[in-house]
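Input: structures, listed below.
Here come two complexes built around chain A, the first alongside chain B, the second alongside chain C.
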Partner chain A sequence: MMGRFIVRRLLSLLAVLFAITVLTFLIFQAIPGGDPAVRMAGRTATPQEVNDVRQQWGFDQPIYVQYAKTMQKIFDGSVVSYRQQINVEEEIARDLPATVSLAVGAAIIWLLFGVLAGIASAMHAGRPLDRALGLLALTGLSTPVFLLGAVMLYYLGYKLKLLPLEGYVGLTSDPWGWFTHMLMPWIALSVVSIGVYSRVLRSNLLDTMGEDYVRTARAKGLSERRVLIRHVLRNSLAPIIALWGLDFAWVIGGGAILVESVFNLGGVGEYAAQSIQSLDVPPVMVITMLVACAVVITSAIVDVVNAALDPRVRLQ
Partner chain B sequence: MSLLDVRDLRVSFATPTGSVPAVDGISFELASSEVLALVGESGSGKSVTAMSLIGLTRGPHTQIEGVALLDTHARAPKAQERLGAQVSAGGAASLDGRTELIGASENALRRIRGAQIAMVFQDPMSSLNPVMRVGEQIAEQILAHDPHCGRSSALARAADLMERVDIPRARTRARAYPHELSGGMRQRVMIAMALSLRPKLLLADEPTTALDVTVQTQILELLHEQRDALGMGIVLITHDFAVVAGIADRIAVMKAGRIVEQGPAQDVLGSPTHEYTRTLLRALQPPSTRRSPRPATRGPLVQVRDLKVRFAATHGLSRRWGLALAPAPEQPGHDEARWIAAVDGVSLTLGAGETLGVVGESGSGKTTLIRTIARLIQPAAGTISFDGADVTHAHGRRLGRLREGVGMVFQDPHASLNPRRRVDATLQRSLRLRGASRGAARVQAGTLLERVGLPSAYAVRYPHELSGGERQRVAIARALAAEPRLLLLDEPVSSLDASLRLGVIELLAELQEQLGCAYILVSHDLAMVAGVADRVAVMYAGKIVETADTRRLFSSPEHPYTRELLASSPTLPQWKSAV
Partner chain C sequence: MSNHVLRDIHNDARTPVREGESNVNRVLRLFVCLSLLPAVLVGLSACGSSTSGGTITVLMGTAPDSLDPGIGATTQSMEATWIAYTGLVTYAHSNGEAGTKLIPGAAESLPTVSSDGKTYTFKLRPGLVYSDGTLVRASDFAHAIERTIKLNWGNKGMLTEHIVGGEAFDKGKASSISGIKTDDATGTIKITLTVPYGPFLNVLAFPAAALLPSSTPMSAQPNNPPAGIGPYEITNVISNRSFELKRNPNWPAHSIPGIPSGHADIDVRIVSNNQSEAEQVLSGSADVFDYNDTIPPTLISKVESQASERYAKEPTVSGEFFFLNVKSKPFSSPLVRQAVNWALDRRALDRLDSGMLQPACFFLPTGMPGHPTAPCPYGDPGAAPNLAKAKELVKQSGLAGTTVSVWGQARSPHKEFVDYYTGVLNAIGLKATEKIVASEQYYATIGNLSTNAQTGWASFSQDFPNPSDFYQLLDAHSILPKENHNLSQVEDPHIQSEIASLSPVPSSQLDSVVGRWQSLDEYTAKQAYLAEFGYDEAPKFVSQRIDFGALVFHPVYGDDWSTLALK
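And now, the complex of A and B:
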């Protein structure tokens, strides 16, 4: 049952990935008016450069050839930003480790603390601890990341000198340096999500606690802890996991650009922002595809995890 | 010494408008191997009583007072064998070897729950955890009370228990998830779970209400058997005297949190002393509003020929409509049948002003049949004609005309009335839809309310301000708004308390007399159908197996399935002959 579900999910994943390549191509090359070669070459290009771009990308040929050439260039890593004469994919490969480190670490932190705070709130629903956590969540939600980042940098980095101020250090070259450099960005990025996750989980848990099978579990004489973990939590996790997958993909695709630039991590988000500002089309196109693929792949993983948690999902 | 001794139990819930007593000072006793039935209508406090005994109603807004003593050493001589698990109730106050439940600490009570007192709940569909295999759910209870029992031996014991409650191929089924089992099987799993530690006391809260009649009988027999085998006392909670008649030794009748009458079963059923008990028993009597069948004066109103409706087995309509169509699969995982024939070649004719009863168990296709006649579901094959015109593929204006001629009343008036709309708005909307002016709609809404026996002041109420019976009257008024020539009634009274049912049934009969519209009445309640319908069609697995004049069907059923259905329908003994 589970195996068949995974195979089905993988097949539909492939179909969606193909659709993404077509849509990205259409959005960037086919739908906008004017000459795609001029757009790709950038505003400062000479007529000769524009002509070269037209040749390389096949813009003088039928649309399916254009699509094939575009995909070929993206997949063999030969997309070049003509403005700066830099290979786009090498640039992304250089920025990705910082972004992935940020996403993985922060996602673990916000999932862990979000779930813990959600459970604590639900168990004390309506009592002082729940109110306090609710207030805290609201505070976290409404604190701008750049403010929180700046405050942390000032106190933890500048005044107390506990943590390094900014920049990214590779995990393989210096694990401890990597960890200390990432700690503040992780916290800054997690705070909002911890607030959201704890509140969503709290209300899911409270809904599930009213279910008949939870009453059955209590009538069986199970300890309150076991009722909560085996019967309530497992049936409340699905929305949290779906949310988690989307948020994670969003960070991978450069969504956490504020955190990336406050701490000067040099991640994918910063690169995307620079490219958009200078109307540099090739990197924007590649990053768009990266984001879309990250979202689709993580949501496939989320579906498989949810199917493992709930056998009824496997039937759909 | 009795097994359970409850004295002056009081439970009240704090609400923003003050404290509401749910149980108001009740006392009763129960001996080992005895079955006590707590009977009462919804809201009488019977479930709260049972749940309070094991502390399931405890909470910041609940106040529980009184004494409930459980004899933790009691055991009927017959069942004096080695117990699966020895559980002591340490930490609870003991009086002469008995344990007090109401004041017991949560920890002490937890050790009693499931081990000494087990509970079976009403709805087996929702009472099992959907994401755990049923064998594990049973094993979990064993492990909670007997930590020395290993996981694998607990699982083996779970399978044994499932075998003992007559679940075929128990070893395979123990690995099934709840959604892979039928309702009856799930209730057997619940009972296996409840029996897993040989409890001294079983609290069974409406254990058969959600099940089909043939399954009901089996479950009651199973409880009876296990009572004898284990020598446990049973508190059986039900609203249905017919269920009680066969199994209870004693009956306590509850009303508004009090026990109004209690005594040996045959006394309470045979010569009830309290007026309320008599009312309840009378309400159970099969209604008889049936007239002698009238010869069809005009041509048939509805003609259905060879109708077939199919649903995808695992998704699509059957899921969206929440119909329990999928038959219990042989093996866990039901990919075998991609399509299920919900209605499989049905033909029927209905004369103008006639009442046709359609009976059958859940999943037999009754509801799908009438929804297809109203063209809410598109048939796969066959024809439907209404008033001489073929409407099988009618659409647009012609479908609108059909819908105007057909009214529908659904089972659950709570779910089928818009909770945010006042009664008058609900009725006026239906009236306006068929072209009444604003002013006329207001007047006619008043007339409709009067017609269904509701005071005109009810026009400004919201559905939650009405009782179940009143809501169903509003639903009927809404169905009548279009002055239909055919009313499709889908279990119109089965969600109502017995004392309210009769009123709604009489109303329907009266309205038919006045308006002359035809009824198709779908129900699993044979006694009700017997009292109302001119003719009855028996459905089984999507087919009509027998159609006959009501009197003939009940006196000399021809099809074996009809006979089985009639035999297993729970009725009080003295009425068996009356039907």
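And now, the complex of A and C:
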């Protein structure tokens, strides 16, 4: 049953990935109107340069040839930024470790603390601890990332000199340096999500606690801890895991632009921001595709995990 | 360079020099310092003077567009490339207006210019070598110019529109530029122009016109910039992240008079967060704050109080003004234009710009040859405005109550400038409302003649230190249907005849006509064709390790890194 589910999910993943490539191609090259070669070559390009771009990308040929050439350039790693004349995929590959470090660390933190706070709130619903955690969650939710980042940089980095002010250090070159450089970005990125996850989980847990099967489990004489972990938490976690997967993929694809910029991590998000500012189309297109693929693939993995947690998912 | 090597360099380059020090590290450092005390005492004799050697960390808020001199056109790019790529001529490494003086670079002297102003003849310094040891030849110049044109340098029009054969080469109709003749045996370079073009030497002073070895590929080399002539060479480029300037080992053999040899190697890191950039320089974990960036208002008082001996506001050669469309009521009336100039409180505009504006009234900024020395015709810009007089002038014009659309950019502080200006126009008897446009679309919108923009904010920074660069904004030939640069739409016969007479004067002879430029700019101010309100200032801010006094703030390239030295 599980094997068939995975095969089915893989096939739909391939179909969605194909659809994404077509959509991205249409959004960047076909739909906006005008000459895509002019758009791609940038504002200062000469007629000769525009002509070169037209030939390289096949813009003077039928649309399916244009699509094929665009995909070929993306998949063989030959897309070049027209502003800086730099290979885009090499830039992304270089920046990805910083972004992955940010995403993995922050995702662990927000999942761990979000789940702990959600459980504590649900277990003490209506009591002072629940109210305090609710207030904390709201504070986290309403604190802008750039403000939190600036405050942490000032106090922890500049005043107290406890943590480095900015930059990224490779995990393999200096594990401790990597950790100290990532700690503030992780916290800044996690705070909002911890608030969201704890509130969503609290609500799910309270709903699940009222279900018949939970009452039955209690009636069977199971301990409260066993009821919570085996029956309540397991069934309440599915939406959290789905949400986590999407958020994680969003960060991997460069979604944490603000955090990367505030802490100067030099990740994919920062590269995306620089490219958007200078209206450099090739990197923006490749990064858009990366984000979409990251979201689709992570969501497929999350589905498989959910199916393992909840057998009903396999039957849907 | 393989990807593997790139990644390794990247990791190293991203490791901040002295960041993230724990208290334990500081104690250890104190112990080491104490143990080195005797050596320090011996070295005290050198106290107070700058030293050679070491590495200085420079921060930049925005990455250079490219470090290949054939492409780089932004100030961030040229801040680095001008000390690695010396052209036939270059600028004196001096503060203020002295820094606008052209001096011989790779050429042994300033050129001889033919009597018709169209032919420039240079002779190369003998025995020059590039940073990679290759001998410099005259024919390298032609190769470098052709490469810059082929790589589509942002200002290449300055070359193609003026050198004979430049356009034909650019369009692929010629394999070389017919207006450049070189002789390797004698080291002679002869350049023929289509028409006399006074600022041509300024164009040749751009790093994009510097000599490069003829073996340099005709393709962009952003991560591995070519060899050049200069005290530094650019290495270890991690695009958009960091790069290094190492002292050129081949430079001491043929140092060029007037060009410093450099004191220290320079590591440049791109830091996208200005707050972090300022905090690092304040705390000493980096050495130089980029003059192109803004110190956040929350930190400026801290910088002024805690680092006053290593912080200064330096004037840049750029101006902020409100254009007044003379073809549209009410600004077709000289009285209304004068009223606007009388009414502006330039001190208030300075406050809106966080104190980084030098109140002014003349179009040519301080530091630009030709900047007038006469008093302002409509009141002292550093004093209170004369609103009563302004109201009276508007009344006299008979145009009180005329509706005015004031154009502005959404970006701060430009939006605030326009808020204030609109209030002033209303206060003197006009009926003004704002039209705010997104920053990216602003100049395209107001530069379209069909918009018929009456008045609004604008600013201009020099391309090179020649007054003709500024006066293209008041040249009737710049009134164009779509990319109109003459926003006030001035068509003044006196200005036209003076531009026609002064612009062809070669920059090397600019001193001979500075007085006429001054007179012209005083005339422009009296006509009130625009309301100039200030010249931008930039922060010169370094760490305690740096010899602040020795650092030159150059009027064209900002912080002159070749003068950076550790104390």
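Criterion: the second predicted complex is superposed on the first by the 316 of 316 C-alpha atoms of A that agree within 3 Å, B and C clash if a C-alpha of one lies under 4 Å from a C-alpha of the other, contacts with A are read in each partner's own complex, and residues count from 1 in each chain.
In this text, a residue touches a chain if its C-beta (ideal position, glycine included) is under 8 Å from a C-beta of that chain, and two chains touch if they have at least 3 such contacts.
Just so it is clear, the structure is predicted and the values come from calculations on it, not from any experiment.
After alignment on the shared chain A, the placement of chain B and chain C results in a side-by-side fit free of clashes.
Using the contact criterion defined above for the overlaid structures, shared-chain residue A:S223 touches chain B, although it does not reach chain C. In the superposition on chain A, A:R8 makes contact with neither chain B nor chain C. By the touch criterion stated above, A:R131 is placed in contact with neither chain B nor chain C.
When the shared chain is aligned, chain C comes close enough to touch A:Y154, but chain B does not.
Looking at the superposition, the partner that touches the larger set of chain A residues, chain B or chain C, turns out to be C. Touch criterion met: A:L163 reaches chain C, while chain B stays clear of it.
In the superposed model, A:I86 makes contact with chain C only, not with chain B.
By the touch criterion defined above, A:L309 lies against chain B but remains apart from chain C after alignment on the C-alpha atoms of chain A. The superposed arrangement places chain B and chain C with a least CA-CA distance of 47 Å. The touching residues of chain C, when paired with chain A in their complex, are 3, 6-7, 10-12, 14-16, 19-23, 26, 63, 65-66, 68, 71, 152, 154, 170-172, 219-220, 222-223, 238-241, 269-273, 275-276, 279-280, 282-283, 285.
Here chain A touches chain B in the complex through residues 1, 211-213, 215-223, 226, 230-231, 234-235, 309-312, 315-316, going by the rule given at the top.
Residues 51, 54, 56, 110-115, 118-119, 121, 123, 126-132, 140-141, 144-145, 177, 179, 190, 193, 314-315, 333 of chain B touch chain A in their complex.
Against chain C, in their complex, chain A makes its touches with residues 44-46, 48-49, 83-86, 90-91, 93-94, 150, 153-154, 157-158, 161-170, 172-174, 177, 180-181, 261-264, 266, 270-271, 273-274, 278.
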